[in-house]
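What follows is a structure written as C-alpha cells; I'll ask about it next.
Think of it as A, B, C, D, E and F in the order they're written, each chain with its own count starting at 1.
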C-alpha cells in the first residue's frame, strides 16, 4: 500500500502529469491558452507514428513471441465484452437511458492510446520491459466495442432507427489512428533495428517532450469539456467513471496472466482495458447513434476516466501487476 | 566601442538574425513565402514551454536566490513606469494623439519574449550565465503596462468611453503566453534536473533551430507590416522606435544593478525593459482602446524596435552590462 | 544488373519508401488518415530549410568548387530544354492537346525537391558524397521550364489568350520554396560549420524521421489523386510518366559528366532532370494556362513519376552513375 | 452584366457526416458545392469550439450549394435524408449568378 | 419540402471581440450561431491576411445567426452594442429554413 | 435599428488567383471585402479537399463583398475579368446593412 502511494506520488510530480494539470487549471481559470487544432493533430500523428514504430522494432529485436496471436484475440474479446459489463453497471447505478448507456459502454470497451503511452513511460522509468506487440493489441481493441454498443441498442431498443449505417464498419476499421498505428508497427517490424537507428533521434529522443505538450492540450480540452458539462456529471456517473476503469483493469489482469505476459505487458493489458476511447468511438457514435448525448460520454471518458487513469490508475495497476507477477 | 562593433558584427551573422533578415527581404520582395498560422503558433508555444521550463530547472539547480521576489517587484514597477516615460516622449517628439500615444506607450512598458530569448542565446554564446527566474520576471512585466496605458487615457482624455471593459483584467493576466510561461517555469522548478533530463532532447537540443524558423516568420510578418504601413512611419516616430529601447534599457540597467544581478541577469533586465510587446498588449488595446490605430503601435514595436533590439540593441546592452558589472 | 536489383530491393524496404507506400495504401483503402494542411506545409518548410542550410554549410566546408557557376548554367539550360523533349514525346505518344501537352512538359523540365531529398538520403546511406551546391542547382531548375511551356503554347497555338499574365514571372522566381531554399543555402554558407553546429540537432538528427512523416502525407495525397483521376491515366500517358524520367536522367547524366561532378553529384543531377514538379509549376499553370487540365499534369507528376523515381528510378540512376563515374 | 436567378442552400452539419451529405447531394444531381470550415458555434446542445476538440466527432462544416431553382426540392430532400436524425441547420436564399451555364 | 421564413445575420468582427459578441447574443435570446474563420480582407483600415499576423489582435471571424424574423431587432441591438466602437460589418438577409422548431 | 439596402457578392475562386481578384476589386472601387477559407468542394472538374493538396495550386477561397447597389455592375465587371478564363462561381444577394456610412 505504501508502495502504491509512493509510486502515485512519484507519478503525480512527473512533468507529463504536471502539464496535464496545468492545462486543466488553465481551462478552469478560463485562460485563452490553446493549442491550434492542426498542431494538436500533428502531435497525435507523431505519437502514433512513434509508438507504432518502436513497438514493431521491439518485436523485430526480441523475436516473435508465440503469444502474439493469442494476445490479439484476447484483446478483441475484451473489447467486445467490457461494454456489456459497463452497460449493466450503468443501468444499475445511474439513470441513463438505454441509448446513452450503450453509447458510454462502447467507449469503455475501446481504448485511449495516450493512456497507453503514459503507461509505457511509467514502465520505462520503473526499469521494466514489455512486449512490443502490445501496440498491435491496442489497435485491435479500438473497434470491437463499437459493435457491442450497437448490438446493445438493437437488443434493448431505444433508438428507433438503430442499426448500421452503410460504410460505417469500413470507416471504423480504417480510421486514421488504427491505420497509422498498425502501419508504423509493421514498418518498424520490417525495418527493425536499422530502421530504428535511422529515425531514433526523431521518435525516441524528443518523445517525452512532445508528450508533455500534448498532455497540456489534453488538459485544456478536458478542462473545457468539464466546465461546459458540469450539469451532466451527477455523482453516480462520476462514480462510474472511477469504478469502471478499476473493474476493466481486472479483466486485463486476467488476460495478461493467462497469456503469461511480462509485468510490463500485464500492466499494459490492464491499462488498455481500464481506459476509455475519446476519439474513434465518439466519432462512430455521432454517425450511428446521433440520439446519444455526446456530452455524457465525452465528459466521462475524457473528463473523469482519463485523468483518473493518468494520475492514480496506472500506479495502482502497476502495483497490482508487480505483486501478482512478482516482477 | 570596438568591442561593441565586433560583437554586433558577430551577432549580425548569427543564423537567427540572418533568418530574420531573410524573412524581411522575402516580404519586401513580395515573395509568397509564408509560415502557416498554426505552425507559427505551435512554434511560439514551444519557445514559451522551453524557456519557462529551463528557467524553472535552473532555479531548482542553483537554489532560490533571495532576490527573486525583489526582481519580480522591480519588474512590475518598471512595466508600470516605462509607459509614462514613453508617453511623455511621444507627446513631445511626435504629433500622435493622446489615444495613440497612450497605446504605443503601453507596448513599451510590456515585453517581447522573443527578444528575451534572443538575448538568452547571446548570453549562452558569450559563455555567461543568468538567473533562471528572469523568465518569471518576464512574465511579470507583460501586463502592468496595460494598466498604465489605460490610466493615461483616463487622465489625459481622448477616447470618449475609455475605461476598463469587464473581464479585461482577467483576460490580460491569464493570457495564454503568461500561463504557459509561468506554468512551465513552475513545473521546471518542481521537477528540477530529473525533469530536465527527461525532456532535454526536446527543449534544449533543437531550440536554436526552431528559433531560426520562428524568426524567419517574424521577419516575414514584420516586413509585410512595414510594407503596408509605410505611410505611418514618419521620421519622428521611427526615431522614437530606436531611442525608446535605449532609454528603457537604462531603467533595466538600474534595476539589475540595484538588485545585484549577474552580468547575464543585468543584460536580460535591460533587454526586457528595452523591448516592446506585439502580442499581449495589441490584443488588449483592440478590446479596450479600439480608437487607437493598430498600424502605429504594431509598426513601431514589431517593425522598428524588435529588429533594432535583435541586431544592435542586444550587443549594446551586453557591452554596457559587461562594462558596468565587470563581468 | 544484380546490383541494381539489390539496391532497388534495399531501397524499397527503407522506412521512407514504406511510409510512402503506407500513405498510398491508406488512400486506396479510403482510410480517413490525413495530415493537416498546416502540418504538411510546416514539414515542407522544415525540409527546405534543412537541405538548403546543409548544402550551404557543405559549400563552406569544402570550399567553392570552380564548377558552381557552370552547374547553375547547366541546370537552367536543362530546365529550359527538357520541356521540348517532353512535348515532342507527348505529341507523338499520346493524344494530348497542345495546351495539355505543353503544361505537362513544363512540369518535367522543373524539379521535385522531395525526390532530390530522397536521392540525398540514398547517397548518404551508400557512403558517397556530393557537391553541396547541388541545392542551388535544384533551385535554379525550378522556374525556366515554365517559360518553355508558355513559349510552346505561343508557338503551337492552343489557348486563345495564351501569354504572360503581368507579375507572373516575379511570382515564379520569388515563390516561397525557391526563396527559402536559396536563403537557407546562403545562410548556411555564411555561417558555415559554426552555424551548423548550432542547429544540427534540429536539421540533421531528426531529418529522416520528418521525411518519413512527410512521405506518408505524399503517399496519401498521391493515392487520393490517383483514385480521383483513374479515368485520365490511359496507358500511353502512364508509359510517358515512366519513360520521361529515364530520358530526363540521361540529360542530367551528360551534364554531370561534362561538369566532372562526383558520383553523388551526377546522381543528383540525374535525379533533378528526371523528376517533375508538383508545386511551383502547377501553381503557375493555373494562373497562366487555366485551360490545361490539372488532373492530367498532377496525376502524371505526382501519381506516376514521383513514385517511380522514389522506388525504382533513384536506384537505377545510382547504378548508372556509379558505373559511369567508376565511383 | 447578365445574371440568372438561382438558389443558395447552406447546410451546417457535423464533420463526420460530411461525406454522407456530399454523396447524397451528388446522387440528387447537385452539380457543385463548396465546403467551408467552421470554428465553433452554439445551439441547443451548448457551445463548442474547434480548439477544444480532441475528437473528430466534434467539428462541423458548412456546405454551400448554388443551384437552379427547379432543382431545389430534390436537393432539400437529399439534404434532409442525411440531416434528419443529426445536428444540422439548412437555410435557403434567393440569389443571382453569373455564367448560368455552369449550374 | 416545407420551409419557414427566417433572417440570416452575418457579423464580421475582430477575433478578440468574439467572446463578448457571443455572450451578448446569448443574452439577447439568440438560440444558435455558427462561427466561421476569416483568412483576410480589406477595408478602410487597409488589407490584412491571417498569415501576416503574430498577434492575436489581428484576425477576424464571421458569426452567422439564423433567427426568427421577430427576434431580429433584439439581435441587432445586441450586436450593435458590441460592434459599435469596434471594427465590424453587420448584414441581414431573408432566408427560408427547414425544421423551424429548432429556432 | 436602421438598416440600408446593399448587395452581397460572393466569389469562389482558386487561391492562386486571389491577389489578382483583390487588386481588380480595389481598382473597381470596392471599399471592403472579406476572404473565407474553403475546405473542399465539388464541381465539373471533380471533387477536391484541402487535405489532399500538396500544391498551392489546388485550394480555393471565397471572397465576400458587401457594396452599395449602385456599385454592383462595376464590381461584377471587375470580378468577371478575373474569373472569366478561370474556375469561379459568382453569386449576388440582396441584403441590409447597419452603419451604411462604412460602404
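Heads up, the rule we're going with is that contacts are C-beta pairs under 8 Å (C-beta built on N, C-alpha and C of every residue); 3 or more make two chains touch, one makes a residue touch a chain.
For each chain, UniProt lists the protein as follows: A, B, C = Sodium-dependent bicarbonate transport family permease; D, E, F = Nitrogen regulatory protein P-II.
Fair warning: this is a prediction, and the values are worked out from it, not measured in the lab.
*Asks:* At the chain A/chain C interface, shared numbers over all numbers used: above half (same) or below half (different)?
*Replies:* Different, since most residue numbers here occur in only one copy.
*Asks:* Most remote chain relative to chain F, going by C-alpha centroids?
*Replies:* A
*Asks:* I'd like the angle of the rotation relating chain D and chain F after CA superposition, in degrees, nearest 5.
*Replies:* Fitting chain D to chain F on C-alpha atoms yields 120 degrees.
*Asks:* State, to the nearest whole Å, the distance from the C-alpha centre of chain A to the C-alpha centre of chain E.
*Replies:* Distance between chain centres: 39 Å.
*Asks:* For chain A versus chain F, what separation do you get between their C-alpha means, in angstrom?
*Replies:* Centre separation, chain A to chain F: 45 Å.
*Asks:* Counting only residues that touch at least two other chains, what does the list for chain C look like?
*Replies:* Within chain C, residues 32, 34-39, 42, 201, 205-206 contact more than one other chain.
*Asks:* Quick check on chain D: which residues sit in contact with 2+ other chains?
*Replies:* Residues 36-37, 47, 49, 56, 93-94 of chain D touch two or more partner chains.
*Asks:* What is the complete set of touching chain pairs?
*Replies:* Pairs of chains that touch one another: A-B, A-C, A-D, B-C, B-E, C-F, D-E, D-F, E-F.
*Asks:* Mind pulling up the chain E residues that touch chain F in the complex?
*Replies:* 12, 36-44, 47, 49, 60, 62, 73, 76-77, 79-80, 83, 89-94
*Asks:* If we count contacts the way the header does, which residues on chain B are in touch with chain A in the complex?
*Replies:* Residues in contact with chain A: 36-39, 41-42, 45-46, 49, 53, 170-171, 174-176, 179-180, 183-184, 187, 190-191, 195, 198-199, 201-203, 205-206.
*Asks:* Given the complex with chain F, which residues does chain C contribute to the contact?
*Replies:* So the residues of chain C in touch with chain F come to 34-37, 40, 161, 165, 217-218, 220-221, 224-225, 228-229, 278-279, 282-283, 285-287, 290-291, 293-295, 298, 302.
*Asks:* Under the stated contact criterion, what part of chain B meets chain C in this complex?
*Replies:* It comes out as residues 13-15, 18-19, 22, 25-26, 29-39, 42, 201, 205-210, 212-213, 216.
*Asks:* Which positions of chain E touch chain B when the two form their complex?
*Replies:* 14, 16-17, 20, 45-58, 85-87
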